[in-house]
Amino acid sequence: MRYTRRRFLKQSLAVGVGLAMGVRGQREALRIGVVLPYSGVYAQLGQDITDGMLLYLDEVKNQAGGRPVQLVREDETADPSVALRKVTKLVEQDRVDLLTGLVSTASAYAVRDYVHNSRNVLIVSNAGGNALTRERKSPYIFRTSFTSWQVSFPLGRWMAERLTKRVAVVAADYAFGRESVAAFKESFLAAGGQVVQETYTPLGSTDFSAALTRLLQARPGAVFAFLAGSDAAIFLRQYAQFGLKDSIRLATTGFTVEEDVIRAVGQAAEGAYSSLHWAVRLALPENQRFVQAFRKRFGRTPSVYAMQGYDTARVIVEAVNALQGDLSSKDKLVEALEGVRFRGPRGLFEFDTKTHQVIQNIYVRQVQNIGNELANAVVADLGRVRDPG
Amino acid sequence: MEFYLFVLLNGLAYAALLFLLAAGLSLVYGVGRVLHLAHGGFFMLGGYMGYSLYQWAGNFWLALALAPLLALAVGLITERLVRIVYGPDRALEQVLFTFGLAFVISDLTRFFWGAQVLGVPPPPVLNRPMGLGPVVYPAYPLFLILVGTVVALGLWALMRFTRFGLEVRAAAGHPKMAEALGVPTTQVLRRTYLLGVALAALGGVLAAPRLALAPGLDFTMLILGLIVVVIGGLGSVTGALYGALLVGLADSLGRTFLPQFALAVIFLLMALVLVFRPEGLLGGRR
Amino acid sequence: MSRWFPWLLAVLALAPLLGGAYALRLGTEVVAWSLAATALAFLYRTTGLVSLGHSAFFGGGAYAVALLVRNIGASAYPFAVLSAVLLGFAFSLLLGFLGLRSHGIFFLMLTLACSQIMYILVKQGFSGITGGDDGLPGIPRPPGLEEPWAYYLAGLALLLGVLLLYRAFLASPLGQVMDALRQNERRTEVLGYDVRRLKLLASGLSGALAALGGAYLVGYRGFVHPHDLSWTTSGLLLVMAVVGGMRPLSAGVVGATLLIALEAFLSSYTDLWNLFLGLFLMTAAWTTLRSRRATHVGA
Amino acid sequence: MWALELRQVYKSFGGLLALAGVDLKVPLGERRALVGPNGAGKSTLFRVAGGESWPDRGEVLLFGRRVTGLPPHRLAQMGLARTFQVASLFPEKDVWEHVVLASLAFHPLSRRPLPRRLGTLEDQALEVLERVGLSQRARTRVAALSYGEQRLVELAMALAQKPRLLLLDEPLAGLAEEERERVKGILQALPREITVLLIEHDLDFAYGFADRVTVLHQGQVLREGLPEEVRRDPQVIEVYVGKDQEADVAFPSPSSPHTGPALLEVRGLRAGYGQGEVLRGVDLEVRPGEAVGILGRNGMGKTTLLSALMGFLPAQGEILLEGKIVPPGTLGRAQAGLALVPQGRQPIPGLSVEEELLLALRPGRWTLETIYELFPRLKERRHAPSTVLSGGEQQMLAIARALLRNPKLLLLDEPTEGLSPLLVKTIQEVLRELSRQGESLLLAEQNATFALGLVQRVYIMEKGQIVECTEAAYLRREPKRLRMWMG
């Protein structure tokens, strides 16, 4: 595929530039260890996040605190023990200055102890498990993406007030799914809602007709669904095929109806509400610029993962700029990162100094047909959401 | 009452896809004693080719017709490779070789089509719920059941009434004697392999509107295909049919009553069959 | 081949000690996988049965140790490892019993079924206890072996011990009988050996050794995840044993070293490392066939 | 007390009833020979007695204890040992290891998981090997042994088990002359406490060795008694060698002396299973339109010869059809014009009668209609699966599908095996009709009378070589000469 070859060239170019600078006695290159899935089911997320980072690094001409930036990439694969092995390689063999990446929560938990004990700074750019901000947080671990609680909790109250008090829940049966449903129910029940039916389907299901048949029986006012990747695409298409699309409103978290899923299912996604910390059509100047730049550079619309990559690169560069490129002291780096605050594509970006989790706005969006193109339009801004920690 | 009708129809639609995948797998083992672990790869390849054809031609039916032929072209190449491991008592080498081939196909597919989740919309005429008496049920799965039945009958007729079918059953039944009666068993194996590839690709295209095309689909379908042929009995079309129906219905029941453990239900079913009938339901009858 | 082979092994084995933490971690992982792959090769060597479900014992052993140590504490390691091995023996005995009448592809699929049922139960069934698909983190290192090089050396000694035991077993009368069982089960039974009991014993020992491998794996890694029970882990174990030649004593060790080194090396340089792994497997199958045909002995 | 007792044992495979109510009582210490033509059920009886397959009905008692349904290893523990007709050994092990394995079975050491020098057992093994004459081959891998030597390993293993009841399945078959003498010596020298049940086609030895003889025919005990009585019993002779047809029936005088270039020429054909050499340089020829017979006792290599001609097993030497070298594989030879009616008929599972015929059909003189005329029974049964046909019907099917190939040369391998006399008659008429219509036949047959009533020329085969080639008419006139060869 074009990207792989071009990215490969691009990658070696960055290395070349980095080395060249190094050779001419300039400051030594800032080496960032990137652990993302480049093979297997989550390969697309890995690629989006990497493209987001490369886009921002281009904007700052690959400079951070006067030092050229160099990304050292490793494949996280689907096996958490491989992720841990790659993190160890990056720290001990490639001597990286700091780490970023990790799409799957299981991999994040797997590397958490090693990163904490070896006092290496890790900036998680996707994995959303709540524990990394709560009982298993670490001063050296920051997160620029989200926690499952952050994305789902606000939606509960909004749905109870605006859509219906009778909801049926369909969710993929894995930790991320269960945490999101728990957060959703927390606010939905508090706002007087009632969950009439809960169905958990195995991850990687290829057929949801059974769950949809049960939905038809329960006759809820609306459905809260939590699915990702191919599960989301299959579910949405069968939701439409069963005629549910027009009869029962669907609300999900943003991941279920992200741009790549809309591209895959088209009409079937229309009308679906979703809550997320970003939307392609979010009317913010920074966001428009980001979306145009990404489309020009990569020829496709950015996804929330690309936006997270973009912001992650910015967090790193701004922190290193604050230290003028001197990363000798880990504690100073942590302080610098805590101090990072900027207006990005998603709006105001700042860290909660207690949990090192991003504090961000959560928006309610709906898939609408605007100018015969289906995309997530923002219908409500649920304000600043901070994970309780 | 219509709830159980749904469960049945969901199961049959799923069985149709499983049958298309398993028929080829079972026949190739029957004729050549070769376990083709790359078969799931051709199912996925068929789906991706259907996607590209649909993008290019904009017509689902054209994609449905052309994808199996395209997959056949790839099948011609891989058949030449798999020929290395044909022959008796080479089970270990066959597992290694076809497992490697499955990896190659899986990565090449990702190289050409990328890792995004891709989908093919069902043809407009089928993209709406159908009224089945008092009840509403999506049209596409019914179409799948129809195609599954047509292909099952077609294969049954092919096996029963054509020269090719006769030679396949003879080569599967008694290879040495078949050759003494002039049946070119290696030729037959080649044609069976290509038939299997085309069927799997057809299954892939049909599945695209129902499932999503994403990396990993090949190995998911391979496991299901192996379960179907092992439960139904390796080596014959009828074995694949019984297995597909049983697994399809068990899966649908599992998903309805034990949603989290649907896959476990299927594995439990296979384990039970294998403990009491060590050679699958139809036994050793190849 | 056999004269300089032990020396090569010695050099390879001690290399990680000089290579720093990453090489040590890689080496420790090779030792753990070697134990489990040797267990799978042992089952084939003594009964001719090929298993695609050894992740049930490999991952099962890891989970057993993880659960016990996490709840009781690091001091419970000896007890935890012992019970993991016994559980491995018991489960494998049960699987062997269920599969007494089946052979070839049907036994393979039975082992796949049993390991997948265990995988789903651990992943979704008892997520309260097993941590579901986030896995179980925070598993302490065994007392006295906290240092990576110490842990690696202990593993090496364990692996060496197991291989010596395996070699002794093959030379023992019982080992000879079981080797005969693989070559001609019917004849062995007619000579007066209770083939069923022998196959159960072989299954039990194989399960126990794989569980030992799992216990060793989790001791250094600090966490355990349902992926250790998945069919891809069983597939990798089988591929390791087959690439190692299945029959020789060193099949598991050679296979594990080759595959892990290949995967670690390739995946750092290309996203399509599975493609090259696939090509490697195809050529491995082709060369074993060609060499087998060359030395094919009638009978 | 009986060493071995079978009470009303029935056993069937698919459509064929192999054992139809067999009663057998072998007293302790007796040497019993079990004789009968091929397909009479001897090997099935051995498998049932050895516990490898369980009877559909009836009881098996070993040393007075009921053992029906017990696995073979329990019977072995009670003192039963057996050898196999086709050597069943451990390809990767040496000869001495085989014998040690045999004697280790009930030895406490067999359960010892740690290495231990098996000093005494090894010595015993070498001693047994000395007795069977394999001592120099002790350290060689069994796969490198000749066919005969592998049979000797089988015997050595059985002896090493120190059995109380010994089942010997054709111990002399496939042995070289010198090995046959040695085995005969060993068997004669066996201690009398060991009860022996012997299947052997070398009737001279069998009758000499056994105290009593049981004749099996079509799954039933035809006759039982002292060797001399049984040998002369006309019923037994007829079953074996075929009724002594008086010269009354007008044999088809061959239409014209068959001259001209040979249809089939075989020069120096050598073949065998694995290392064992069964065919030791066979030369023969068949002229167009001629019916040639290959006679010889069982186990002399008749089936190996036809299988080698058909390409079922690798062979060296020259095979020419109509002057041209035949292609190597079975497929090539089938297309070149060879067709085989195999021993045991080999129906194809999964196909019906008519389907097998249609499969074989090649354009030519024989068509489906003409075949149905020749075999009306097949027309009635044409939709039945071929595997459930009776023995006779399957034989007709095997001949019919070979004919539909419209071959240049029809090879027939013991077409009368296991058939009733009436069926043998019909098959003979059919083959005579074919010969009269000019089909070239090459018939390998143990039933000499059947063959002589059909063929023009005869080759006699003895231990893998052609030892005699005469006109069939001459042998018809000289039954003495015939019996000399057929025993």
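Residue numbering begins at 1 within each chain, and the chains themselves are lettered A, B, C and D in the order written.
The definition used in the following text is that a contact is a pair of C-beta atoms (placed from the backbone, for glycine too) under 8 Å apart; a residue touches a chain by one contact, two chains touch by 3 or more.
Keep in mind it's a predicted model, so treat the numbers as computed, not measured.
Any chains in contact with both chain B and chain C?
A, D
Keeping to the contact definition above, tell me which chains border both chain B and chain D.
Shared contacts of chain B and chain D: C.
Let me spell it out: compute each chain's centre from its C-alpha atoms, then which one is farthest from chain D's centre?
The most distant chain relative to chain D turns out to be A.
Nearest whole angstrom, what separates the Cα centre of chain A from the Cα centre of chain B?
Distance between chain centres, rounded to whole Å: 36 Å.
Just give me the whole-number Å value for how far the CA centre of chain C lies from that of chain D.
47
For chain A and chain D, let me know how many angstrom lie between their CA-based centres, rounded off.
The answer is 75 Å.
Multi-chain contacts in chain C: which residues touch at least two other chains?
120, 124, 272, 274
For chain D, jot down the residues that touch at least 2 other chains.
Not one residue in chain D touches at least two other chains.
Give me the residues of chain A that touch two or more other chains.
4, 39, 43, 173, 202, in rising order.
Please list, in label order, each pair of chains that touches.
Chains touch in the following pairs: A-B, A-C, B-C, B-D, C-D.
Write out the stretch or stretches of chain B touching chain A in their complex.
The touching residues are 3, 6-7, 9-10, 13-14, 107, 110-119, 121-122, 127-129, 136-141, 207, 209-217, 220, 251-252, 255-256, 259-263.
If we count contacts the way the header does, which residues on chain D are in touch with chain B in the complex?
It comes out as residues 310, 312, 329-331, 334-335, 339-340, 342, 346-351, 355-356, 358-360, 362, 401, 405.
Where on chain C does chain D make contact in their complex?
168-169, 171-177, 179-180, 183-184, 186-196, 297-299
Report the residues of chain B in contact with chain D in the complex, numbered from low to high.
Residue positions touching the partner: 166-167, 169-170, 172-174, 176-185, 236, 285-286.
Would you pull the chain A residues touching chain C in the complex into a rising list?
4, 38-39, 43, 74-75, 77-82, 84-85, 88-89, 92-93, 105-106, 109-110, 112-114, 129, 131, 136, 173-175, 178, 202-203
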